[in-house]
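Going by the order they are written in, the chains are A, B, C and D; count residues from 1 in each one.
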Amino acid sequence: MTLQAFLQVLASGLLMGLLYALIAVGLSLIFGLMDVVNFAHGEFLMVAMYATFGLWLATSLDPVVLMPAVTALMFVLGALAYFGVVRFAMRARTNVGMVQIFATFGLAVLIQGLAQFFFSPDYRSIPKSWLGGKTLDIAGVFLPLPQVFGGLISLLAFAGLYLLMDRTDFGKALEATREDQGAVALVGIDRNRVFALGWGLGVALVGLAGVVLAIFYYIHPHVGGPFALIAYVVVALGGFGSVFGALAAGLIVGVIEALAATVLPPAMKSIAVYLLYLGVVFVRPSGLFGRL
Amino acid sequence: MSGEPILEIRNVSKHFGGLTANDDVSLNVGRGEILGLIGPNGAGKSTLFNMIAGALPVTAGTIRFNGRDITAMPGTARCALGIGRTFQVPRSFDTMTVLENVMVGGFMRSSSTGAVRRAAIETLDFVGIGGRADAPAVELTPPEKRRLEMARALATRPQLLLLDEVMTGLTPAEAKAGVDLIRKVRDQGVTIIMVEHVMEIVMPLVDRAVVLHLGRLLAEGNPADVVRDDKVITAYLGERHRAA
Amino acid sequence: MTHRQLQLVLLSGVVIALAILPRVITDVYMLNVLVLTLMYAALSQSWNILGGYCGQISLGHALYFGVGAYATSVFYASFGITPWLGALAGGVISMLLALGLGYPCFRLKGHYFSIATIVIAEIGLLLVHNWDAVGGALGIQWPIGPDSWVTLQFARDKAPYVYLALGLFVITWLVTYWIEDSRWGFWWRAVKDNPEAAESLGVEVFRSKMAAAALSAFFTALGGGFYAAFVSYIDPESVMTFRFSLLFALPAVLGGIGTLWGPLVGAAVLIPLTEITRSYMGGSGNGLDLIIYGALIMIISLAKPEGILSLFHRNAKPDARP
Amino acid sequence: MIISRRAALIGAATTGVLPVSKLLAQGTQEVVIGAIYPMSGSNAQVGVDARHALETAAEIINTANAIDLPTAKAAGLPGLGGAKVRLVFADHQADPQKGRAEAERLITQDKVCSIVGAFHSSVSNTVSVACERYAVPYMCADSSSPSLHRRNLKFFFRPAAHDETFSKGMFDFLDAQRAAGKKIETLALFYEDTIFGTDSSNTQRKLAQERGYKVTADIKYRANSPSLTAEVQQLKTANADVLLPSSYTTDAILLVKTMGELGYKPKNIVAQAAGFSEKAVFDAVGDKLDGLISRASFSLDMAAKRPSISYVNDKFKARAGRDLNDNTSRQFMALLILADAINRAKSLEGEKIRAALAATNIPGSETIMPWAKVHFGPDGQNPDADPVLIQYLGGKWVTVAPKDVAVAVAKWPMNP
């Protein structure tokens, strides 16, 4: 492989990795807050893509312009998912983990069905947009603009998340809730409100990723699955609950996956990512940056 | 209290990173005695306790049980040799009934379910919660949970029983019942080490008191003498001042 | 009569009723649903050993199912060895695999363990997908032969498959029943509820997990062998995907995790629901069947978090948590 | 085996189809045909389109149409007293087990006299075996794995080509281009890790060797991958004279987008249809595909020679909102061929329909396909279902090969 080809694969891997991190961080946030693994995460991504597509179809505005609207919508959806589903799942007295997994799995199937019902199972895409199909050529290394934009959004989201967790009352409430759920009630924080906000935030983050993906990817009721699997691996690799871990693991997974496809038969490139995960947790059972 | 000690702790230290939890602690426990391990918060009682139970590895030193070096042995194996324990915050098996909880311990000594069940019922009667045998463990009151923990540990037929703050949070009447139960256990020939934070409750019960302070052995001897020891008083007063 | 004897009587009743069923129901489609229900009950019972009793939530059991299906198919299609032996071989291979994988994996806790099982099953899927000696993506076609209990091929008759699936369920049930009241059963539940406390009571935590994994993998592979014989054609996508791992856990969770009857009750609700919504509503292609299926799973798991079975417990336990 | 014999008898009784006389006496006047397709899951759109295609075919069978297609002229099937065709659809979710269960349900509950299906070759595999066991003809409309007709099944029929024939057509075209002085030395194979991708690439690899082409990239990728960047980078590095993709819609869109992003313009693409005949792909990335060549079972520009094609296409478009393509044309035609056999069999009994199908002899001109004719070998395969090659030029498909049906000369290379 030439140096240029290597740099190309590396750059593509990093850009994809930033996107993986953005998809995964919402999952990690929700987990860190309340120990819930959300099996409908991929479907939230899909909903965000359809929301972008639907709004684009209705308003002809560019996806970039639609981003705040879609993100806000996803925030509301996340909060609703908490109030409508997860809140009840957390009431379980025993095997809480399994109940959550299957309640959110049921939600995932339901959302897929709704998507098929309202949008038909056809493959949609946004053929024309400001960024779509445009590419930066830096000395023979091509950086597609939608992915560059996605990478920037991802970095901004992580910076914002850092500030939010570190500087705001909401961040402190989140932190307090995840430290000790019982104590929170004593200091007068409404647990349900914090959880709902946490879900809203987590789903809004995956909403950002959905808008970016809608620019350059196809849209389909089942589009979430492969991304969700990667997101789970990213979250676990980085350490459940760790925001920085999600970013680091996302980048690692993106690069490893891209490089593996040049070394292994491409059909088996995911094996490299999976082995990496296993290798890391066998040495560090709580991931790269996990607490536990 | 004659003959060779059941437990010998020799120069045991424990470091957590740069933090020293126990520093060069040596201690003998005689067969059949009730030993009180006391000291203010952060004295290193729980750490020492967990090292004896095998839940934590030592950094340095040796622990011998019945003359046998058990320093590197995991908790499971120590249980097989005859060391039982309870937990500071009771850890019952919450999907099981009270009886089943105790049976888990019983399988240490027998693989016949019938025999284990019969023995477990006896043990439950012995600790005084025989009437709750079929209740789910999760429904027990806190004092009942402490008794369940004790029954579970007794079901493994220990020679040495480690009790971790079993009196904490009990009303005076409950504590009195607890004291009676511990005496009854000792009368069966079981050696007991109990960690307690509150001295007043345990002093009449223990044969010998060992006071830890800042990870080191501060005083040891007859409980009546120990509570009058200046060093001990300072250690506890110091803590009260800090707390205030 | 003790509680345990009552269970055996109940099982006999269920077995007799189910054995008579193929003589009453003659509809091939309904018998097919019955076969699947019993098969998933057996597979979920196998999963329950590790996931329900021992508390190790595996979401990668499709791997063992696939190993069973592939071992049986390769032995039969390539060497003419009867699926009875093939499934047994698959069971043994799976058991060894589970022990080998358990060694590193049981160091992991909670979600790290579950994700590891997903990832390992995905690796297995990709390897089989790209392994030409076992057909790769093309899969393995069973030779079409006459009806026979040796080759387990029956052209139109579903009753033999009902009996085979029922047999598999009864075996997994009896094994669970027997273990539930033995040292291993107590140890597994102790490991699930509180590993630290279990260790202090002399429970061999690691060995308990390994034993549960081996047994669970063995029976899951037998189920895979049965499925291969039942369908007579397998490919990686139709026996090794994540979907199956979920389908093994789901009945136990819906019925009552870590209970003797949970898997059967859960499968009896879930499988007919899945099949019938698809068959009678799926033809339109508008996703309505998925909407109903998804909503029902959600509602059941939320309304009865301890499983459908908890409906029948007389001493329904009050909610201890806020 | 008392049980199995008994059940077999019941099976025969329930499956057994009512004699025509009784059927007519009851006034049902219905020929029930099952259709098994993916109606949910990632390929659900295929099922939805198939539904439109088959319903279009049923409409043409059931009404009188002045076109030259089998069973089109009269309303209903004259051989059965004008009986109408009724379709029953079932969802197989790409699962061979579910496909078989649905086949058995359609046969025993809905009493279908034959079944059409199933897109996925894996599902066609189990469905055809079930049909064989119940002596009900299986019309394999669109599954293209060559292994399907090599299993000695009596009730299996496939009027369209399979992957070997398709690939042969593609290489015949390449040979012709080379003979015309075009430089074609190197090929890049790009295929998904499924039955379709495996069958397609195996044949292409073999043909490349036999006919003296050098394969410089041989890339199997995981279907529905989130990213194909590294894979496309390898294609770009190889920069073969012809890229031969075997991909479905999702990956086809991603492949073309990624090629654009990495600044790779392949010299030529000759696609194994699939995704490259789907509207969704051209909606998404059609601007980058001008000059793409695909093998096809169907070509709309043949409508100039055969009025029936535009007639059918209009009817289909009214239902589906899109033109007929490689899959939907095959599904449409399969039902007509089946109806023709049922009409000639004058019976709904599986054996008789089977016999009629085996005796099928429809000239190509009475189809909407570019086939020479429709007849079946002993293996149930139509040996004369040669594909055409069509090129996507200025937003329209143009037939460019073989010579006798070509409307225009291929634009070659696609990207200079």
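One rule holds for everything that comes next: contacts are C-beta pairs under 8 Å (C-beta built on N, C-alpha and C of every residue); 3 or more make two chains touch, one makes a residue touch a chain.
The shown structure was predicted, so the numbers you read here are calculated from the model rather than taken from an experiment.
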**OP:** If we define chain centres by averaging CA atoms, which chain lands farthest from chain B? Would you check?
**Re:** D
Original post:
When the contacting C-beta pairs are counted for A-D and for A-C, which pair yields the higher total?
Top reply: A-C
Subject >> Whole-Å gap separating chain A and chain D, where each centre is the average of the chain's CA atoms >> reply: 38
**OP:** Calculate how many whole Å lie between the centre of chain A and the centre of chain C, each centre taken as the average of the chain's C-alpha atoms.
**Re:** 31
Original post:
Using mean CA coordinates as chain centres, what's the chain B-chain D distance in Å?
Top reply: 76
Original post:
Which integer distance in Å separates the CA centroid of chain A from that of chain B?
Top reply: 48
Original post:
If you look at chain C, which of its residues touch at least two other chains?
Top reply: 126, 129-130, 258, 285, 287, 289-290, 317, 320
Subject >> Residues within chain D bordering two or more other chains >> reply: 40, 44, 47-48, 193, 220, 222
**OP:** Would you give the residues of chain B that are in contact with at least 2 other chains, written as numbers and ranges?
**Re:** 94-95, 138
Subject >> Residues on chain D engaged by chain A in the complex (per definition of touch) >> reply: 40-42, 44-45, 47-48, 193, 219-222, 224-227, 229-231, 233-234, 237, 249-250, 253-254, 257, 260-263, 278, 280-281, 283-288
Subject >> Touching residues on chain A, where the partner in the complex is chain C >> reply: 31, 37, 85, 88-89, 91-99, 101-103, 105-117, 121, 221, 229, 232-233, 236, 240, 265, 267-268, 270-271, 274-275, 277-278, 281-282, 285-287, 290, 292
Original post:
Of all residues in chain B, which touch chain C in the complex?
Top reply: 53, 55, 74-76, 79-80, 84-85, 87, 91-96, 100, 103-105, 107-108, 111, 113, 136, 138-139, 152-153, 155-156
**OP:** Would you mind writing out the residues of chain C in touch with chain A in their complex?
**Re:** 57, 104, 107-112, 114-116, 118-120, 122-123, 126-127, 129-130, 242, 246, 249-250, 253-254, 257-258, 285-299, 301-302, 305-306, 317, 319-321
Original post:
Which of the residues in chain C come into contact with chain B in the complex?
Top reply: 181-183, 186-187, 189-190, 192-194, 196-205, 258, 317, 320
